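Heads up, the next two complexes both have subunit A, just with different partners, subunit B and then subunit C.
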Partner chain A sequence: MRQSAFVFVSANDDIVFEEFDGDFVILDLQSGEYHAVEGSAAILWKLLMDGICPKAILDEFEAHPKLTVNQIEEYITNLVENGLIKESDQLAVAGLSEDDKASLLALTAAPKTDLFSDLSDLILADPIHDVDEEAGWPVRKPQ
Partner chain B sequence: MKLSVLMPAYNSAAYIEAALQSLLRQREAVAMEIIVVNDGSTDGTGDILRGMARRFDEIKLIETKNGGVTRARNIALRHVATDSDLISFLDSDDLSPPGRFERDIQFFRSDLNLDLVYSTMRLFETMDEIQLAPKENTEILDVRGIHLGAGLYRTSFIRSLGGFDEGFEQAEDTDFLLRILESLPTYQLSDEIGYFYRKHETSLTQNKSVVAREFSRALLKSAKRRKALGPDFQMPQGFFDITAFIHARKWT
Partner chain C sequence: MNSPVKSFRLTIDNVACYAMKLWSDLDALDTAEWSTETIQVAGRRLELRSPSRYYLDLCLDNLVQEAFDQSEPVEVTEVIVLDRQDVPSLLSARWDTDNFSIKAFMESLADENLSGVYDRDADFWQFYDHEAKRGLYILRSPASVPPWEPAFPLRNFFHWSCQGTSQGLLHAGTVGVDGEGVLIVGPGGSGKSGTTLAAILSDMDSVGDDYVLASLQDDLVIAQPIISKMKQDSAGLKRVGLNSADEVFEGPNWQQKYCFDFTALGRGKRADYLKINAILLPRISLADKTTFTRASGLQAMGKLSPSSLHQLTGDWKRTVQFSASICRRLPAFHMNLGTDAKEISDSLRQFLKGQMQ
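For the complex of A and B:
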């Protein structure tokens, strides 16, 4: 992870996310779990989804006043292990902007996402699933 | 007990009389007010509503400039009678099954602490014009999904929630249901059909990307509220049930 220069992407088509004023909601449409991503975690998630590779991000924490490389690497590793993102075969082209670097430097809290699994029945019943474009009727995802 | 049914209406001339009649056929079972907010309809909805309001004392018609379904729901809430005991919702293109309220009100009579009954809804395509119900042999789908109309609520409980969040373009019902769940209500789930939901091409829910985004926003707002409820807080489980996807040939 530390040296990865590859773009990371959503792990599969069931992982969808939306941004709201810098916060994110990540939905796993297969399991019905969702993650609320705020603060440091949201900034890191956005950079990863914008095509910034882990190496470029982690390099910024080598001499960070508040956070360590290990904390950030652990967070990104957790995203992978939780099935939210995966390494693609595409080398990252984009780099951190000066604004990105400044926002990383300003982080004070270790990143974490809040996982909610107790609404899976609502999420699996939700309108994101329930209208199939062709059938025009609710269709349950095959399990 | 007095029941208030809230109905926002926008350009629903083809359906709204059937919707209202499906409620009025239940007026023998319960004292009823039907609060209809005509949200600036530009088709014949207003004429139909004004005519029906003259014929039926149960219908309270409020006419507003178009401001969206969430605002219309809040306007309806503000017009609920002070002596209302129970509240439910019916969209202007849907139907209320016969006997629904008589059946579900019994739960409230026997449990004075009950906040809501949440029923199964039946999705359908074609209506029987006489029965005001899904036509025989039309495809149906029974599911306890996300719909305000699936619930019958104690009025004091609804008032304690503080109305609908008008920041939502859609999914205001999901946000409202999430706030209901976060309040840890006393509830009764029902496998009986409490709502007939008409599936048709002009449904609001057709715009999937907006719905998906608004739904996600409701989840994020819920997550933020839950920080105040502590790490051990658990939502009530089993409220929604999509395992009963049924009976229709295209799913079997």
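For the complex of A and C:
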């Protein structure tokens, strides 16, 4: 992760994210988890989705006044491990703008995403119901 | 002894075939004795057909119908509603797979331009054919209509019919004056319905308190009525000076709430539509006076989107995107509620006037 110069993208078509004045919501339709992303986390998410590679971001935290490389790297790793983003096979072309660098330098709080809502009970698979042919209707299989 | 019911070996992959087979079997039935109602709701002409009156009457009682010209050539959506006892020969589903996933179920249907749901707990099937504009709703028995159904009959069908349009259902209350208004958004207990009701009793208009149909027109958000009744518990009615024993109120329902058509209260009227200028997020503050403070789009989204995702089946991605479009277009405000219904409605009226300027 630390040295990755590749673009990171949303992990699959089941990841939906929407921006509101720099904040984001992310819905993972596979897990049913719905996240609110604000502050440091929102800035990092936007940079990653804009095609900035982890290495370029993490380099900015080598001499950061408030946050460490490890904190940021751990956050990006969590995004990958939670199935929200993945490394693509495309090398990053875009770099950080001066405004991007200034906003990273101004961060004071470690990034985190908050679970907004859990829809997993609606979306996740469960054991199939069998049919009660007498009633002509599917019924739950005996456990 | 009853003859065995025909069954269809159903997997997630062939669920669209099952739906089409059901439709083709029904097309072959003699349905001359069935009841039919043609209505228009939120610009949609619906032909409802059923062997029994029960569900048709539910629709007539609870959906806001628009006047329409029978001779006008418009696209008509047919929805058939029946139960197994009405049509005992109807093809039964025999699941031939180990796991049921509503997401996989809906994705399989989407490949054939269908939407649908098999509700495991409430015992019903619903299918909607986007191309043929027809819906099919199969209940287990007349008594198995889910308890939440009367509040919004055909909810999923309206939801699915919004696909490919700039319209969507919103779980929100509405209040307005002179054709312009606000969405009032919040979970149970937030004061959403109480605020809407207080405003209606102060002669403000509304297009509904539970679900409304929203349309995005350029930068505008327009809300239309779709369901005629709102719900409130006995204590909530009492807070605004109403008595649940009055004949206007039906119930209590399964949530211990009373259902009523707010126009029967003789105060605010049901507007044909409202141009929406803001989103209000009410919260009980127990302050002397009601105040409004700016909220972020993310906070508005947090109140608006999850309940829609929970209550509307499928098209989850579109539901998120549509809610987000609404929250990006409109300013949002926390509405810190005072304790007096009259003071709340007066503050809301002042707020509406400010937004209109």
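FYI, the second predicted complex is superposed on the first by the 115 of 143 C-alpha atoms of A that agree within 3 Å, B and C clash if a C-alpha of one lies under 4 Å from a C-alpha of the other, contacts with A are read in each partner's own complex, and residues count from 1 in each chain.
Keep this in mind: a contact is a pair of C-beta atoms (placed from the backbone, for glycine too) under 8 Å apart; a residue touches a chain by one contact, two chains touch by 3 or more.
Here the structure is a predicted model, which is why all the values come from computation and not from measurement.
Asks: Touching A:Phe61 in the superposition: subunit B (first), subunit C (second), both, neither?
Replies: It touches nothing on subunit B or subunit C.
Asks: Where does A:Trp45 make contact in the superposed view: on subunit B (first), on subunit C (second), on both, or on neither?
Replies: It touches nothing on subunit B or subunit C.
Asks: Touch test for A:Phe8: subunit B only (first), subunit C only (second), both, or neither?
Replies: neither
Asks: Name the residues of subunit A shared by its contacts with subunit B and its contacts with subunit C.
Replies: On subunit A, the overlap between the subunit B and subunit C contacts is residues 16, 18, 20, 23-25, 27, 34, 36, 116, 119, 122-128, 130-131, 133, 135-138, 140.
Asks: Touching residues of subunit A toward subunit B in the complex: what are they?
Replies: 16-18, 20, 23-25, 27, 34, 36, 114, 116, 118-119, 121-128, 130-131, 133, 135-140
Asks: Could you pull out which subunit B residues touch subunit A in their complex?
Replies: On the subunit B side, the touching residues are 123, 139, 141, 143-146, 171, 174, 177-178, 199, 201, 205-206, 208, 211-213, 215-217, 219-220, 222-224, 226, 234-235, 237-242, 245, 248, 250-251.
Asks: Where on subunit A is subunit C touching in the complex?
Replies: Counting only subunit A, the residues touching subunit C are 16, 18, 20-21, 23-25, 27, 29-30, 34, 36, 38, 116-117, 119, 122-131, 133-138, 140.
Asks: Along subunit C, where are the residues that touch subunit A in the complex?
Replies: 2, 4-5, 7, 84, 88, 90, 92-95, 97-104, 118, 120, 123, 140, 296-298, 300-302, 305-306, 309-310, 316-317, 320-321, 324, 327-328
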